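Have a look at the structure below, then the notes.
Labels run A, B, C and D following the written order; every chain starts at residue 1.
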Amino acid sequence: MGIEAKEIIARRVARELKDGYVVNLGIGLPSLVANYIPEGMSVMLQSENGILGMGAICEAGEEDENVINAGNQFVYVQKGACFFDSATSFAMIRGGHIHLTVLGALQVDEQGNIASHIIPGSMAPGMGGAMDLLAGAKKVIVAMLHTAKGKPKILKRCTLPLTAKGKVDMIVTEKAVISVTPEGLVLDEIMPGSSLEDILQHTEADLIIRDELVK
Amino acid sequence: MNKVISAKEAVKLIKDGCTIMISGFAGVKKPEVLIDLMVKNNIKNLTVIANDAAIPGKGIGRLISHRCVKKLIASHIGLNPEAGRQMNAGELEVELIPQGTLAERIRCAGAGLGGFFTPTGIGTSVEEGKQKFIVEGKEYLLELPLKADVAIIKGSVVDTLGNVFYKGTTQNFSLVMAMAADLVIVEAEKIVKPGELKPEHVMTPSVFVDYIVGAECNGN
Amino acid sequence: MNKVISAKEAVKLIKDGCTIMISGFAGVKKPEVLIDLMVKNNIKNLTVIANDAAIPGKGIGRLISHRCVKKLIASHIGLNPEAGRQMNAGELEVELIPQGTLAERIRCAGAGLGGFFTPTGIGTSVEEGKQKFIVEGKEYLLELPLKADVAIIKGSVVDTLGNVFYKGTTQNFSLVMAMAADLVIVEAEKIVKPGELKPEHVMTPSVFVDYIVGAECNGN
Amino acid sequence: MGIEAKEIIARRVARELKDGYVVNLGIGLPSLVANYIPEGMSVMLQSENGILGMGAICEAGEEDENVINAGNQFVYVQKGACFFDSATSFAMIRGGHIHLTVLGALQVDEQGNIASHIIPGSMAPGMGGAMDLLAGAKKVIVAMLHTAKGKPKILKRCTLPLTAKGKVDMIVTEKAVISVTPEGLVLDEIMPGSSLEDILQHTEADLIIRDELVK
C-alpha cells in the first residue's frame, strides 16, 4: 500500500515534466519519478554529485564503480551525458539552470515553506544539496505521503526547522495535488481513491478549493 | 532534443540594443559566422562583454569597426587601435575591468551568487564606487554579478544536445558566459551525435546551451 | 619534477590535529590507501572537511569509527549511522553546511576570494551568525572561505607532474579541495608520464598538487 | 642597445627562478625571461588565457590556431601541459598558486606601488590580467628599463594611476637590482656597465645602499 501510494505520486509528478527539462530528483520517493518519464519526451536528470544525463539504477553486475548517483546507487548514464565537479554542479543548481526539482518533505506549509532535513533530537542527517536545490531550481515540487503516522504533513505553519522559506510551488501526495499561490494553498486535484472530505480531514493547512472540485 | 539551427535563424535572436557576451581571447577563434551575420544585419547599440576588443577585422573587432557596439565591457583593448580611437573620440563607451574580476563576475551571475569579495584592485581606481570589506585582516572589494541577454561562444566539438569540447586555449570565457546569459548560442567547428563526446571530456555541459550553429553553415 | 612518493612517506605529512579535506561522495572511490595508513598510524584529533561521512567501513567512515576525527564539517552524514551516534553522544562535533555552500566556500579559499553572497539557507538556521546583504532586491548570506592544512584526493589517471583526470563521478570536490589546501596529496589509480594525458583532458591542473601516491603502493 | 638592455634584464630575472616554480610572464620584456630558464630547471609557465606548461613561440608554419598565449602569439605547449578556462586560470592566479610573476611597469615607487596600465589622456589599453597577478602572485618582479626617455621610472611616489598598491617585491633594470622592503628600496646589485653614480643619477626614489656596494 505504501509502495503503491508512492508509485501513484511519482506517476502524477511525471505529468509535470516537459520536453527539454533538466530535472533533479531527490533521494527516495522523488527518484521514482524517473520511471514514469513519458515515452519520447526528452528529459535530462541531473545528479548533484556531478552528472547531467543520469540513467536508471544499474542491473546487478553492470555497475561502473566510478559512477554513482547522489543516493550512493550505481547508475547508468545516457548518451550525451556529462560529468562535472561539485562547484560546477551547484553553479548549475543555484544559478537557475535546473527547470524542476522534486523533493520529499517532513512538513510543508501555507507559505510554501518546507522542512525536510532535521527533527531536532532525533534525526539530523544534514541538508546535503536540498537547500541549494530549493534556492535555485526554477520549480519545486514536493512529492510525499499526505500524512505521517496519520498526522497531517501539510500545515498552517511548519513546526520543524525550515529547509527553505517560501520555495515550494506544488505538492503532490497520494490524496491531492496542491499549488502554492500568494493567496495560499489551492487544491487543484483530488487523486483517485481520495475525496474532498478525506483531504480536508488529513490537511491542517487551509485549502482554497477550485470550483470544479466542489460539485 | 536537437538544438542545431541555421546561423541565419540564430542571429535573428540577437536584437538591437541587447547585452551580449562573446567568448574568445585576443585573436584566438571566435564565433565568426555569427559575428559576420550580425555585421551584415547591421545590428546596432550592442553592449558587448568580452575579454578584449580583439584585433581589427577579427571577431569583436569587426563589430566595433562596423559601429555595432555602443558599450564595451572588457579587460583589455590594447590590440585594437580602432577601439581606442573610438573610445578617445567618445564614440564608444568602454568599461575596463580586471580580467580575473571579469571572469568571476560572470561566473557569479551564472552560479546564482549575489557577489564576491576580491583583493584585486585594492588601492587603485577600480575601488571607486565599491564597498570595501575586511576579512581576517585583509581588504577586499565587493564585486557584483554580471549577466547578459545573449552569449555567443565558439566550440571545437559540440554534440547536438549542446555539450561542448574546446581545443587548446579556445575555452577561455566560454563556460562562465554560457552560465550567465539568458540565451546561449554555440558556433561549432564540428557537430557530433550525442555519445561521441566522452562524458568526462565535456567542458560546457549541455544545460547551459540553447542553440548550436555549424561554423560551415555560413549564409544558410 | 616528479611528485610521486610512497604512501608511507605521504601519510607522515599528515599531522595529529590538522584540518584535512577528503574528496569523495558517499561510497564512491576515496583515497583508501592513505586513509588506511592514517588509521594504522592512529592519527588523532582531525578536523575533517568532506561532503559527507561516507558509509561505515569506507573512506571517512573508517576514520570516524577509529576515533581519528574530532570535528566533521560536511553537508550530510545520513549514510553513516556511527557518525550520527557519535554526534548525538557528544563524541564527534559535526558542522553541517549546505552542499553547494560547502563547495563554494572551499573554492573561495582556493581562488583567493574573501567571501561570497549566496541565497542558499535564507530563512533557515543556516542564517545564524551570518551577515545578510540585499543585492537587486534579493537576500543573500555572506559565506566565508574554508581552507585546510591538507587535502587528500582520489584521482583516476595522474601524471607525474600532478595533472589529474577523474572518471565518472569521482571528481566531485577534488578540484576545489586541491585549490584550498596548503598540502595536496593525490592517490592515483594509475600513474602515467607527462604528455600521456591530453592537455584538454586535465581536470585538476598540476599546480594544485604537491604529491602523488600510487593506489597499489599500499604499505610501501 | 634597447634590445641588448632587455636581454640583460631578462637574464638577470631568470636567476630568480627556482626548481618547481610556476611563473606568469607579462607581455613584452618579461616574456623574454622564458629564453633564459636555467638548463635542467623545471619551471612551468602559466598564461592567463588558460595554459599551464606553455612553451616557446611557434616557428613559422608550426602554429596550432587553437593555441595562443595572452599576448596573441602562437605558442607550443610542453609535455604535461594543461588547458583550463578563465575562471580557473584566475583562481590559480588570485589564489596564490603562482610562485612568481614578472611584469613591466611605467613607474614603481618606494612603497612597492606600481603603475603599468594607463597614462590618462594618451594610453588606456586596460589592465588585462595585471591587477589579478599583482594581487595574487607570491612574488612580483618588475622588469623594465631604468628610465623612459631619460626620465626616472623608479620614483618616490608614483604619479600615474596605480595598478596595485605595495605589491612589488623586486625591481630589475639594466642598471640595478632593487628590493622593496618595509624600510624602503634597497639597492642590492649594480648591473655590469652601470655604477652607483649612474644609478643614483637616474633614480628619483631614495635608495638604501648595501655596504658592500660602497667601497
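In this text, a contact is a pair of C-beta atoms (placed from the backbone, for glycine too) under 8 Å apart; a residue touches a chain by one contact, two chains touch by 3 or more.
Every value quoted in this text rests on a predicted model; they were computed, and no experiment measured them.
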{"item": "Between subunit A and subunit D, the fewest steps along chains that touch one another", "value": "2"}
{"item": "Pair sharing more residue contacts (C-beta pairs) when C-D is set against B-D", "value": "B-D"}
{"item": "Centroid distance [mean C-alpha coordinates] between subunit B and subunit A, Å", "value": "35"}
{"item": "Centre-of-Cα separation between subunit D and subunit B, whole angstrom", "value": "29"}
{"item": "Whole-Å gap separating subunit B and subunit C, where each centre is the average of the chain's CA atoms", "value": "32"}
{"item": "Overlap residues in subunit B, where contacts from two or more other chains coincide", "value": "104, 107, 111-113, 118-119, 166-168, 175, 199-200, 203"}
{"item": "For subunit D, residues contacting two or more additional chains", "value": "51, 83-84, 90, 93-94, 135-136"}
{"item": "Pairs of chains satisfying the touch condition", "value": "A-B, A-C, B-C, B-D, C-D"}
{"item": "Footprint of subunit A on subunit C - complex, ascending", "value": "25-29, 51-52, 55, 74-79, 84, 87, 94, 96, 98-101, 103-104, 106-107, 118-126, 156, 166-176, 203"}
{"item": "Residue ranges of subunit B touching subunit A (in the complex, touch as defined)", "value": "1, 107, 109-113, 159-161, 163, 175, 179, 193-195, 197, 199-200, 202, 205-208"}
{"item": "Residue numbers on subunit A that touch subunit C, as the complex places them", "value": "47-51, 64-72, 83-87, 89-90, 93-94, 113, 124-132, 135-136, 161-166"}
{"item": "Touching residues (chain side subunit B, partner subunit C) in the complex", "value": "104, 108, 111-119, 133, 135-136, 138, 140, 144-145, 165-168, 199-201, 203"}
{"item": "Interfacial residue positions of subunit D with respect to subunit C in the complex", "value": "19-20, 22, 42, 44, 46, 51-53, 77-84, 88, 90-98, 135-136"}
